[in-house]
Amino acid sequence: MSETIRVLDKGYVEFVDLLGGDEAAVRAARISYMSKSDPKKDDNLIDLLMRLGHESPFEHIVFTFHIKAPIFVARQWMRHRMASVNERSGRFTEFDEEFYLPEEKRVGIPVDLMRESMERSFENYKKLISSGVKKEVARMILPLSIYTEWYWTINVRSMMNFLNQRADSHAQYEIQQYAVKIADFFKMKCPITYDSFLRNAYKGDLLRERL
Amino acid sequence: MSETIRVLDKGYVEFVDLLGGDEAAVRAARISYMSKSDPKKDDNLIDLLMRLGHESPFEHIVFTFHIKAPIFVARQWMRHRMASVNERSGRFTEFDEEFYLPEEKRVGIPVDLMRESMERSFENYKKLISSGVKKEVARMILPLSIYTEWYWTINVRSMMNFLNQRADSHAQYEIQQYAVKIADFFKMKCPITYDSFLRNAYKGDLLRERL
Amino acid sequence: MSETIRVLDKGYVEFVDLLGGDEAAVRAARISYMSKSDPKKDDNLIDLLMRLGHESPFEHIVFTFHIKAPIFVARQWMRHRMASVNERSGRFTEFDEEFYLPEEKRVGIPVDLMRESMERSFENYKKLISSGVKKEVARMILPLSIYTEWYWTINVRSMMNFLNQRADSHAQYEIQQYAVKIADFFKMKCPITYDSFLRNAYKGDLLRERL
Amino acid sequence: MSETIRVLDKGYVEFVDLLGGDEAAVRAARISYMSKSDPKKDDNLIDLLMRLGHESPFEHIVFTFHIKAPIFVARQWMRHRMASVNERSGRFTEFDEEFYLPEEKRVGIPVDLMRESMERSFENYKKLISSGVKKEVARMILPLSIYTEWYWTINVRSMMNFLNQRADSHAQYEIQQYAVKIADFFKMKCPITYDSFLRNAYKGDLLRERL
């Protein structure tokens, strides 16, 4: 499995780096009791933490991702405050003509009007830039579907909360697609914690169907 | 002075509520030394806290505001994580035709192209809605200049950080306008703390000119 | 009901101030839908938020308390990071001879040994101070039962988490006593939110018995 | 240099793990401008971030340490809320007879009285335990100098704030000793960031003398 997973028509989730892993949560939890790691019991310990809602040991596992997503998705994403973000600036860089165009089955009618509207907005953006208007002003007319990107560093406790809310059918379809990819990396890198999360603490529905 | 201040062409900052005030910071600071409030010395104490960077007592002063601003301003605003936000949803409400149109002197060229582009986008949004497209999908074509609104609860320590960064000429013009209005309410409600902040701890420039 | 409630043998919880109340959570929640407050429906709305785990609107209700408690309780208390604390300093103030002596039924044997041990430690502390030893050094010999005090500002979302963990029979007996008093003030000041919390979201057991 | 550094008479700072490093901060900062890393310019970029107070890119560097320190030091330490902590429990484990005894030159008078007082308290603790008193009750008589230990995960932005306050002559001597060891690991693992921090953003004094 590659370390970059495509999402939507032009976005992606790229795994960048990881602090700790299953064993870091176990180690942190065991200090309460000054007990030593025991491979036979570590899985049970993680289950116990999840069931009791003792989530602090999972803060010692920290992921960094590189995300590319439409701005309306980024807006929902940034509500998760317990994370670190550095994002491409629309003041200092010129946007590329990359906007998210939903599939017709998602929209319900032909997407031509949406495409034309976005293209027209982008043409106007380019005209303004050519006329010497500042990037930070010209971008005001760009649509919410334009792609942006950011680095995202988040610990697993906060990431589980993100998954509870975004890997769920009540979230908007587009951020759901990102959330399940985040979950894929979570599963790949911390298989014991992920499995226990799904069985004991996950409050959403999308990941459950993938069990 | 009204409790609502207009900002930009259609936005505002509305003061909603306040926890504590100058005296709450003094009270919290004095517990370190178990000393009693002394009106003659309280101003000096606040100056001392500001100069030494002892900012925790200012966390006991908390403001709630109601803000209306364009989405590109909201995006910059939400980077301040030490605050509480509930925002109007573009999934559950239909946007009004209210977008920010910068003044010509700010853009440098006639704003007709910007206005037309925004109006066209909004017309298309209405067409999509009329065709039965979901609000959460239709809004993808709306421009970043469309107005949104939110409640914002923030303590004064975090608010001072907001002012350091946003009430400063390096911030974008539009959020500067909001930041100085936030500062106006800060000054009105916590005059001693505000005055001391400006003299001892403020790192920006816009408020300094207003002294 | 007084605004100060005694806890343990020499401690207390004092209500100091409040930002918002039930209506502040309703107001913040309603902005998502741009709907107006409706007294007939507001209770149902709070129930809905609690059931769905939509806790952010409760961040707009913020309490300030003044707490006096033994240091071993303070240590458990400070683990709740989403709160603001200013505490009496053992470096800058001399401790009073106020330590918590548990009741005999709690200890299981006569408390004489505990009392004598604490008194002896305190005598030695006084001797060190008299000999010119710095307060910050002398206090190293003081027992964990010595009383300290602090201001505590916390929003209701974080306070509910505090109650889930501390107003529960798995917490230590002493902090339980404080937690139920915090709950008393919560109930008094935000009756609708408190009632809904208990019915829909509370994960502990002690408050349930008090329903 | 070993990955564990002794501190005070029985404590230590152990480096456990690291997410990112100098390059992670550069990478996060460069996304604003969508510019590529350039070894010749990366040092200058870090200097620029430090000088301007653009600290968010440093949140993508995260350390995990294992700390052993007296409880009065732990109490000061835990005030730094932007970090993750799991600590040995005095409810579930019995304390060892390990207390911090300051050196005579620090106390100013012979430390015999302090040693005797701590030993007496510990003897009484053991007696209570032997009599069947719960660990969580017996420990109430233990002195603040008793050693505890914890895992600590913290990003570099928050760690720099810790160093500003604790690697400074206004902090208590004992926590100063820990802070300079934390700084040693910071320097070893992120030499460019550490060097730039000291030259551009550090507000304390102890580390400056070590330049």
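Assorted remarks:
In this document, chain identifiers A, B, C and D correspond to the written order of the chains, with residue numbering beginning at 1 in each.
The definition used in the following text is that a contact is a pair of C-beta atoms (placed from the backbone, for glycine too) under 8 Å apart; a residue touches a chain by one contact, two chains touch by 3 or more.
Keep in mind that this is a model prediction, so the values were computed, not measured.
With chains reduced to the mean position of their C-alpha atoms, the one farthest from subunit A is C. Between subunit A and subunit B, two chains of identical sequence, the interface residue sets overlap for the most part, with shared numbers making up over half of the total. For the pair subunit A and subunit C, the distance between C-alpha centroids works out to 35 Å. Each chain gets one centre point, the mean of its Cα atoms, and the points for subunit A and subunit B are 27 Å apart.
Between subunit A and subunit D the centroid-to-centroid distance comes to 31 Å (mean Cα coordinates, whole Å). In subunit B, the positions touching at least two other chains are 85.
Within the complex formed with subunit C, the subunit B residues making contact are 17-20, 24, 27-29, 31-34, 56-57, 59-60, 62, 64, 84-89, 92-93, 149-151, 153, 155.
Residues of subunit D touching subunit C in their complex: 70-72, 74-75, 78-79, 81-82, 85, 90-91, 100, 102, 106-109, 113-114, 116-118, 120-121, 124, 127-128, 131-134, 136-137, 139-145, 172.
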